[in-house]
Structure formats: C-alpha cells, structure tokens
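Structure first, commentary second.
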Amino acid sequence: MQAVVYREPFKVAVEQVEDPRIEHPNDVIVRITSAAICGSDLHMYEGRTAAEPGIVFGHENLGIVQEVGDGVVSIKEGDRVVMPFNVACGFCKNCVAGYTGFCLTVNPGFAGGAYGYVAMGPYRGGQAEYLRVPFADFNCLKLPPGNEHESDFIMLADIFPTGYHACELADVSPGETVAVFGGGPVGLMAAYSAFIRGASRVFVVDRVPERLAKAEQIGAIAINFEQDDPVEQIKAQTNGEGADKGVDAVGYQAVAHEGEGEAPAAVLNSLIQAVRPTGRLGIPGLYVPSDPGGPDEHAKQGMLLVAIGKAFEKGLSFGTGQCNVKRYNRQLRDLIIAGRAQPSFVVSNELPLTQAPEAYEKFDQRVDGYTKVILHPVS
Amino acid sequence: MQAVVYREPFKVAVEQVEDPRIEHPNDVIVRITSAAICGSDLHMYEGRTAAEPGIVFGHENLGIVQEVGDGVVSIKEGDRVVMPFNVACGFCKNCVAGYTGFCLTVNPGFAGGAYGYVAMGPYRGGQAEYLRVPFADFNCLKLPPGNEHESDFIMLADIFPTGYHACELADVSPGETVAVFGGGPVGLMAAYSAFIRGASRVFVVDRVPERLAKAEQIGAIAINFEQDDPVEQIKAQTNGEGADKGVDAVGYQAVAHEGEGEAPAAVLNSLIQAVRPTGRLGIPGLYVPSDPGGPDEHAKQGMLLVAIGKAFEKGLSFGTGQCNVKRYNRQLRDLIIAGRAQPSFVVSNELPLTQAPEAYEKFDQRVDGYTKVILHPVS
Amino acid sequence: MQAVVYREPFKVAVEQVEDPRIEHPNDVIVRITSAAICGSDLHMYEGRTAAEPGIVFGHENLGIVQEVGDGVVSIKEGDRVVMPFNVACGFCKNCVAGYTGFCLTVNPGFAGGAYGYVAMGPYRGGQAEYLRVPFADFNCLKLPPGNEHESDFIMLADIFPTGYHACELADVSPGETVAVFGGGPVGLMAAYSAFIRGASRVFVVDRVPERLAKAEQIGAIAINFEQDDPVEQIKAQTNGEGADKGVDAVGYQAVAHEGEGEAPAAVLNSLIQAVRPTGRLGIPGLYVPSDPGGPDEHAKQGMLLVAIGKAFEKGLSFGTGQCNVKRYNRQLRDLIIAGRAQPSFVVSNELPLTQAPEAYEKFDQRVDGYTKVILHPVS
Amino acid sequence: MQAVVYREPFKVAVEQVEDPRIEHPNDVIVRITSAAICGSDLHMYEGRTAAEPGIVFGHENLGIVQEVGDGVVSIKEGDRVVMPFNVACGFCKNCVAGYTGFCLTVNPGFAGGAYGYVAMGPYRGGQAEYLRVPFADFNCLKLPPGNEHESDFIMLADIFPTGYHACELADVSPGETVAVFGGGPVGLMAAYSAFIRGASRVFVVDRVPERLAKAEQIGAIAINFEQDDPVEQIKAQTNGEGADKGVDAVGYQAVAHEGEGEAPAAVLNSLIQAVRPTGRLGIPGLYVPSDPGGPDEHAKQGMLLVAIGKAFEKGLSFGTGQCNVKRYNRQLRDLIIAGRAQPSFVVSNELPLTQAPEAYEKFDQRVDGYTKVILHPVS
C-alpha cells in the first residue's frame, strides 16, 4: 500500500510499504478515507525528535473497517470509524480511570501510545491506505455510515478533543472568561470548546491575521500580541483582573511577544499574569523533557523558568498533558451529528495522499492558507 | 407605598402599605423597577397553601438601592441590583457550602427563606415600590447601571438560575440529550440552560402549542404529550434508549398524559421511563409535604407512588429542591452582559404594578400570551 | 466439576455439571478458591425471582487462573484474581464512563450483567470448582500470589465495593455524620467505608444484636430500631438536625420499625426524615421493578409510596443502583494490602463447597452466626 | 494590652499596645486563649519580607468572644471561637466560590487577607491578649464551651486545614499512595489528612529525625532524604511507578538533597519525578513572587527552573496557593469533637505569651523539641 514515510528532516515521501495485517484477535484493519496532518507531526518533520527515517506518519485517522480479528465484538466489516490518536488498551488502571492517553499496556515502559509517532510504540501511522488498530473495540468510535461530516469527524481523532481537554483541565464553566494563547488549530478548538461549555467571553492570542480572523468568526475576541502586550490587553477587557481561566495552546516553541527567537516559557508566564487569582490553566500545548534544539541548556532538558512565586500567590492550578481522546470523542461526535458543532471550520485543505510531501512543506512554512490539511488516500 | 397584597383565594389587590425601613445594619432598601410574577405565586393565589390575607407577594425583584445600612460594605446608594428569591445569611454552614436555598439563619426552625412567600420567613415581597433586603452584601447582585437588559436581568432572580439548577442537579454535560418535562418558564429556562451547558439535543414535553413553539424557537425538539406517549416519543428519537438526563419542571400539579385530573407523580414516573440507565434527574418542579388539595390521602401528605424499583434497576440518580440562586446568578448575569444569553424570550407581558390583579387572573387561567409577566412600579 | 445448583425454592444442591471452557479469545477459566454467598442470592433461593431450576449460583468469586484465551493480554495462568460480580465489556459507553454495572454489551437488551444471577446474562456462577470469565483483561483484578488476605479479598467481589459505592452515591466526606439503615454485610461495609472516607460519626440502624455489636466494633453508633424510632434516635444525637448523609442498605424487603410484615418503602422514608436538609442518600439496597411477593399491588410492580414532598422540601439527592465494582476494587484492594482495611470482619463462616445446601438454609433463616459465608471448593 | 511585636530581624518583643475595639458593626473582639506560632511567621522574623517594625504577629488564633458589634447575628459574648488565618468577607465572588483565601474585599488591591501578616491587610495579629475579628459571623467558627481540645482546636486556624487543603488540591482519594515532602507541622498535617481521606500509604520526606519519628507515629513511611535520593526510595516502594499523588509542604526555602544551600525548586522537581503519570500535586508550601534573599536573580523574582517538560509528559496537575480555611474548618472540627482526629500531636510547647521572644528564637533555630509552639496570654 501507499503511505507517507519520513525520510529526513524536512522530507517525507509517499512510498509503497507492506500492508498491515491482523496481528492479534482484538485488531481490526481500517481502510483510511481521511488522515489529517497535525502540528505535532512537524516536530518530527523538522528533525527535532529522535524519529528515524522509515516511520509512517499519521495519528489522526478515519476510515472503513476492512478486516476484523476473532476477538472483536462490537466492530464489523464496513463500519465507519474514527480512532483517537492515543492507542489504549481499555483495561489498565490508567485507562479504567479515563487516562487513556497514559495507557500502561500498549507501549511498555512508558505511559501512553500513539499511531505513527516516535517513542509512542510500534504503531504505524494512518497517512496511508490502511491502518491496523489494536484493541479495536476500545479504540474505534463508530460513525454514521456514508460520508457526511467527514471533515468534522476527522477532527475527533485529536484536535477537537484536545481543545476540549484544555477546557476540561481548566474547568471552564458557564459564564466564565477564558484566555487562549495560540490561534492554531488546537487553540481554535479550545476557544470553540470554551463556548460549547458556556464561556461568556474568549480571548484568542496570536499574531497571524488569518488565525485571528478565524477566532473572531467563532465569536472570540482576537488579541494580536504583536500590537501590544497580550496580558495588558486581556486585563483591560476584564476590569483589570485577568481572565477566569487560561489555555496554553502553544507549548515549548513559543515566541516572546517582544524580541526574537523561541522563548519556551513565554506563554506559560504570560498566562500566569493573564489569569486572575483562583484561576486554572489547561495546558495541552506540548512541552517535552528533552529538546535538542532548545535555546539554552536548561530548555534542552525541558527545564523552564516559570513564575511559580506569582502563580502560588494567585493560587493558580495547572493541568497538563496530552488529551485522553476517548473521554470526549463520543460526546463531541454527538454534537456534530446534532448539528451543534462544526469543527471543520479550521480545515484549510483537502488533498490526495500523494500530495503529502508538498502539504507538509507548506504547512511547516506556515504558508498562507495551510492551517489544517486533510489527506485522502485515493481508493 | 403601593404593593400587591393577597386578599383571598383568586384575589390580590394593589394597596397602600407601610414603607419598609432599615431594620438591621446589614439591610438595604431597594426601589423596585421590575418584579416578576412566578408560577409558584399561583400556589398561594389559588389558596392551596397556608398563606394568610395581607401577605405582600413577589420574590423576583430588581431595582435601585435607595438606602444603605451601616454595616453594608459593597453596596451603595444608586446601585442597580437583582436579588435571589432566596433570602440567605451567607455564613451558616449551608450558605457556606453553597446551599443558599437552605439557609439556617433567616427563617429560624426551617432551612431556607424567601421574600413574599408563606412559611419562608418575615420577608415582605417585592411586587411593591420598595423592598427591604437583609444581609445586603450577600443578597444583592450588582448589575451594570442604566436599564439595559432589564427584562433579562429580572430572570436572574429565580427562573433562569432555577432552570440552570435543574441541569446542574442532572449534571447535564456537553453532547448529552436531555428530556425536559414542562414547557413553562422554568422548563424553557432548563432547556435553554441545557444548551448553554453544551447539550446536543433537548426534548421539551408539554401540550400547550405556545410553549412548544418557544421550545422549538430555542432549538429544542417539541414533544406534545397529548399526541402520543412522551416516553415513546423520546425513546423513538434516542435509539430506544431514552435521554441521557431528565428534568422535571412540572412538579406535583402534574397532569397525566392520558385521562383527566392531577396525577402528582405522573411526570416523575414518566422521567424514570424516559431516561436511560445511569441517567440523572434534576427536579426543580415543586413537590410539597402537605397539599390539602391533593387528589388522595397520600398525596395530601406529599406521599407519591414512585417507580423506585425501575429507577433502581436503571441506576438513576435524583436531585431535588429549590434553587440556590446565589450559586449561579453572577455567571448567568455575565452571559447576559456578553450577549450570549437572552432569557427574556420567555417574557410575555410587561405591565404597571397597578395591573397586577388582572395579570394574576390571566396568568392563573393560562390565558394565551400570559406566560411570564413583569410588573413595573410607576416611579 | 461440582457446583451449587438451584433446584427449587429453598433448595440448592451440589451437583456435577459440565466444566466451563474458553468460548471466546478474551475468556479465561478460573479455578475457584473462594466463593461467597450473598444476601441477593437469597432472593432467588426463596423463589422471589424468575430463576429457573438448574442455574449455578455465585457472583462473589476469587481464584487462580487455569486457562487463558488467545486474546488475553495482561492475565496469565497461575495469576490469583478476584472478579467483580458485574460482568462488563470495558468498551461500551457505560463501561467507559465507569458504569460497569450497566454494561450494554454482555447482556443484550439490558444494562448490566452478572455471574450466576437470573436475568443477568448467560454467565454461570462461581459457587463451583471453575468459572469462565469473559473479557478477562477487564474483569480480573490481580491479587498478590499466595493465600494471604483470602477472606478480605473475596469481599472485593461485591460487598466491600457495594458498601463503598453507597458512600460514593451519598458523597460521604471527611467530618460528616452518616446514617446507615441495615446492619447486614452491606450495611456494615457501608459504615466501614464511611470511616475510610473520613466520616466523623456513623449510625447503624438494625435490630439484630449481633449486627449492632459488629457495628460498634468498627466504631459506629448502634441504633436499635425496636427500642425506639430510629429517626428520633438519630436526631437526638445530631442536635435535632439529622445526619448529613444516609445509606439504605436494606432495600425492598424492609420491615417497619413498628408493626409486622414487610413495608418496602419504610427505610427510604425513614432516611428522608433522618437526613438533614441538603443531604444525600446512597441506596445500594435492592429495589426491583417486579416483586411477585410484594405486600400489595403497587409493591408487586415496584411502585412505592415515597415522601417525595418532604424530600423536595429538604432538597435531598438520591443515588441508586447496583455497584460498579470495577470503579473501586483496585483502590480497596490496595487498602487491604497496606493493612488499612480488613473487611473480613463480617465473615462468619468458611465452609467447603459441599456444605452449601446447609449454609444457604441457615443463612436464609438468619441463624445466629451465619451472617456471611465463604465457600471453598476442595481441590 | 500585651502583644508580640516585631522589632527587627530575629527580634520580637512582648509590648504594651492599644487595645483593639469594635470598628465596624460586623466586628467582634476576642480575648485570646491560644495563639500559635507558624512557620510562615519566621519569614517575617528572619527579615526576608517587607514587614516593618511594629507589626503584631499571629494568625493562628482562638479565644472567647468579649464584645460584639451591632450587626453580628450568630456570635455572642462568651462564645469560644477559632478563626481562620485568612480574613474574608464572605460575599465577594471569591468567597462565595469558596476561595476565602483570596477575598477581594478585605485587602483592597490584593486577593486575600490575614491577621498579623505583612501585605495581608490592616489586621493586627493575635499573639496578644485581644483580637479584633472583622465579618465575625463569617470568620468565627464556634467551638464547644470549656477548654477541652484547646490544643487540637487551635490547629484549625491554619495548619490542619492547610495540610488538608494540600490533599484536596492533590485530590487524595481512598486507596492511593501519597508522597509528602516536608515533615514540619504542615507536612505532618498533610500526611495525617491523607489518612483521614483514606490513603493506603503515605511517604513523608525529611531529614530531621524528630519529624520522621512523628511521621511514623501516625502510620506514615519515613523517607530520610539525606540517606538516599528520596525519589528513588519512593519509586522502590511503589513498583518503580512513583506515588499516586504528591504534596509539597516545603516551599521556596527548600534544600537540595545533595549539596548545600537553598535550592528553591528542589522539592517541586523531586515531586515531578516522584509522582506517577496522571498524578496530581498539592502545593501548600509557600512560593513568593519576590524573595530578596533568594539564591539567584531569577529566584529573587520568584522565577524557578521547573521540569515542565517532564511534568507535561507525565500529564501531571498542580494545585497551589494558600488554604481557604473556611472550606474545611467546620468538618475538621467535627472530627476532633468525635475523637477521630487529634492534630495536637504536632504541638511541642505551650508557653505563656511573655515567653514569645525565646520561643521564636528557638523555633527559628529548629532547636530540638521546638516544632510547634502555642502561646497563652495569661489572663
């Protein structure tokens, strides 16, 4: 089959690889109809991880079940399904507690597994014609047959639940104000989710006009951090207090609002200022324990200078970590089916799988109009 | 001053009564600009309570602070404020725990107090020119100056928070389906609140076309219980399972969907059928421990035949009781200010205080177009 | 193999039945070392259910894994395991939400399955030499090897988690007072769990001196409902207020504290009186939608006269339904291993499987000293 | 009256100061019977804050009500009361939400007030004969008359609730393992509270033998960080995983387990290592936004190098800030009254107020046996 294969920094190729096959009674094989490119794929693409050439990318996957293992009970050939980016067993203590992003079974020696991602276990990615899905009863979410809402449903694999998870970590509640730093796909999904949860006002902080325009389109207040200190802008609109809750949808590749180059803790520290005493921060933006490309020795080890004194004085809480997609994907799917959520508003391009190399290149360079790409294997 | 005074069953009069005055350092006097008539006022109006002639009605009150006691710290003359229908102290163990509807201080020997309501303490109602508000720092919610959103803000005194409380008791969460029995003001507010909390679909059960039309207007699915068994209608739209959550916005004066006369447990038992296993019910609809007009000896003592066996089999949970308005009114106010909630869509009439007798009569007779009346003292 | 087989009302026999075998890749076969008799087995034993002759009893099961299906990942031959009484799949929406007592997969057309129980699916009971366990990765809880704590660990199958679940439903929190009606094994486990959760005082209401003595032994306050109205006794010890929380560990076979015969709602209504305004009730005591032996026509259909008016006035909440054992069994196991819980204090007898007929008879007749029996297959 | 007055770094004096008086209708004056010295008093004592000479110390206060303002409703002359160290109004949005440690009323321009503490508002401390208590209905917790449990009840002013709050921030639940860094009074109270909440095992990390002995006395596992890396010791006792939850009861004056001098983020970073993926940290240990005595330029501004990359990878959550005492003190009081908690086990000395200078000196020098001192004005 054809698949998107990582070759070297800044280069992927569409190549012929071996078809996946049922390896365990609880596996299914899914014929992929949509696979999205994620911002976190770019970490590997840019060579800022230990990813080796040959890895098949793709952890946002949707398709039709092609073959079913003997042990699978609830999934049948022909079912249309979307999979969380996390691979999870469903029965370890973390999965049972809802922490499916920290499964103890699927990636021995580590808490958490994923498709097509370095160090996340032996699971090939889904930017390909077919995908093997382990523990299929647990990992497949059934969708209505047909192809309706395809570009909404593919958002259920990662970024819609991840944006929602940010709001869950921050405990966003009806009537609250929320400061979302980062207007990329995850940040927009966080802002969108904040409204789903009843937020009264949501601030989205970015500097890319296209992103800020999308934020306004969903009813958020755009804050351009290049025009003025975003903390001051948010305080000015909240009686000087700051927002009730905050979301960091940027992570360690943050850029300071003044000056140049990466400032890995810039967003975190801005949020500590921008959120009012008693506030909570949801932090889905990636931070890593090892970043060879980090701007200094500490940053290379994931050690950042954080305004913990101020955070303590304000009594802030912080929730971090990758999303447990399984916790939210069914409910969010139901919002899409009911017509109450259309997360596909973030999608910029739908391309055949064969155009993946070009799509990666443009997405990586933040070329205008390449904000969120869905690949479709031709089949 | 002028006030709406209860005279006898089915009769109120606008009469001259003594002005209220500061009785305690923590009191304020509010000049009322809006006071709504509530469905629960009709229990007294119809003579189905122990209310004595002379009582001044009105527990949904909004106005301008006229006079301030020596102990009051945060409220000033001229402030525009809305008061929860519950009178609460703010410092007893129930208030501190957020159960301001069950204050142990303001109505000795009972848990909970209110303005203008039989057995709820010595607090005169606000369908009048002026109102004394005790523990004013705790009981006044400040509003933006002016008269914008007046008919939205008056909904904060009772029915908007009460509808929201129903959803809180039922733990309505994003993506869920909700069955609301009763399409009166509280039922509509519950449906509206369910959407604010991210419900995917909301069913509103009633038989009055006007109410069902309002339900559809806010995006709910209207279920006319006279056309067919509402339980079957809801199951038919939920794959035979039933709704995830339920709200009883009817209470003990329920009418069976077949047959005639009151069937006080009809709604409760329908909800037990209409909600799926593991569901939760929020019950803001009034049930009383003593109902002299009840249809049988048990009902007269508030003892109803409930399908507890079926409820247990399904593992249902039930939350009951009057709303702790203070828990929600600030956040709901902020939704109104931000333009994300307009609860005034339930308001049918705005009348001068002097027309209260006629308004009560028509509201009680469910005359078309009299679904929610706001009274304005002329001043 | 040998197994306890139901023959007719008030008669079980130890008979030779076919050995269980692996029927699905996710099955394991467990060689039973301990199987307890549960109060709910008596409902079948007494002929008050639709149980047919031939059913093998036993839903409290512990043993050693004998054989493992091809799909099982985390369980190995020789592992010592205890199973929740609920059979659950681990991947349906109820299981994923933690409602493993309401699994939608294992007993089609019904929410919830169990071993050896009428209408709870095709799962043979474990009062036998061997037991087939479906979805073994999900349903087996691993125990330390050996035979230490055997009589504590067998309590993890049902009554310890069920008692704990009652406290979870009632949200028992540190410092609170709790009224537990029923001093049988589940009631004692509820009282014990209340202390584990930090309750300050726990009242246990019963009339059997042996049970009340056990309640006192674990630090609870014994309330003999034959000596005086238990509601009054509890109020007298709580400044007239009532307890903060309540547990109904009796269910529909309740006996009124005055008079004779069953009064199915007696405990429920006493709790509504005995718990203070804002309180919550946890109701693990069984109520059934169909009770052919019920004292009146309504009771036969699971319809009971409940003081809903009083409950509403007090703003009480109710949580019902059978325990989702999987939610609690790992944590409770860890308390046993750490030496901080010894639930075996309720065990009265440990007998060979062959003595099951006599054990059932004496347990059913509440013969002194037969409060909780563990059966051990000789092997 | 006599009071403990701060004179200069490392010097307090017992001096004559003006008696407090009723300044507002909601005030009361309390005659102090017990006032404890807190570790946080030492920050001022050592001159590491902006505290000016003349300030009266003391935020852990208990006594008898001497005089009552006109607006006070529930507190009477002669009542025995203990006050949270936080001064709070009870009606601002933070107080209403339970964040009484972040009251917006009592210390304008800042969220939170306290007695006898620099920058925490104009409230004189209680290491004195008398204390003015504002908003007395809200801030006084009534105690049983007499002098029973005096040394337990005084712990309700700060350290018992603070230790409990740490467990609340970490969401310590039954069966869990908890790593508490710091075996001083707050750390011991956190460990004690973890057991009250049902923890299975609690590790207390310190190097002072006396503290480790007290930890063992309450059933915790002592970890001496001078003997070996505490992270490794905890992992060795938790199957290599780490504890479920963690508490930082040390704060910014932490000492590294290797080497010398302060290492302000040492405990925080050890906890990130010592707690397992999905864990939560409760951080009552003080961190400050400005520490003139900090070991480096960043530390002086409360900016610390935190292993945020590792924390994110593990999906940890952090809760910080000073305790909202009012949220817990009633329930903890009831545990003391019921005989289920005796927090006075941490008390080392009870001295007359006049010996305050010596007590401060010895406490500050960690002289053996001076772990927690209660002062009693002689009167």
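First chain written, first letter: the chains are A, B, C and D, and each begins at residue 1.
The rule is simple: a residue touches a chain if its C-beta (ideal position, glycine included) is under 8 Å from a C-beta of that chain, and two chains touch if they have at least 3 such contacts.
As the structure is a computational prediction, the values presented were derived from the model and not from experiment.
K.L.:
If you tally contacting C-beta pairs, which pair wins, B-D or A-D?
P.N.:
A-D
K.L.:
At the chain C/chain D interface, shared numbers over all numbers used: above half (same) or below half (different)?
P.N.:
Chain C vs chain D: same; shared/all numbers exceeds half.
K.L.:
In whole angstrom, what separates the CA-based centres of chain A and chain D?
P.N.:
For chain A versus chain D, the centre distance works out to 40 Å.
K.L.:
Cα centroid separation between chain B and chain D, in whole Å?
P.N.:
It comes to 42 Å between the two C-alpha centres.
K.L.:
Mind pulling the residue numbers of chain A that touch at least two other chains?
P.N.:
Chain A, residues with two or more chain partners: 330.
K.L.:
Contact residues on chain C for chain D in the complex?
P.N.:
So the residues of chain C in touch with chain D come to 164, 173-177, 196-198, 200-201, 330-335, 337-338, 340.
K.L.:
Per the contact definition, I'd like the list of chain C residues that touch chain B in the complex.
P.N.:
On the chain C side, the touching residues are 94, 97, 99, 101-102, 111-112, 169, 252, 265, 268, 276-278, 283, 286-291, 298, 301-322.
K.L.:
Can you list the residues on chain D that touch chain B in the complex?
P.N.:
24-26, 69-71, 73-74, 89-93, 96, 98, 105, 137-138, 326, 330
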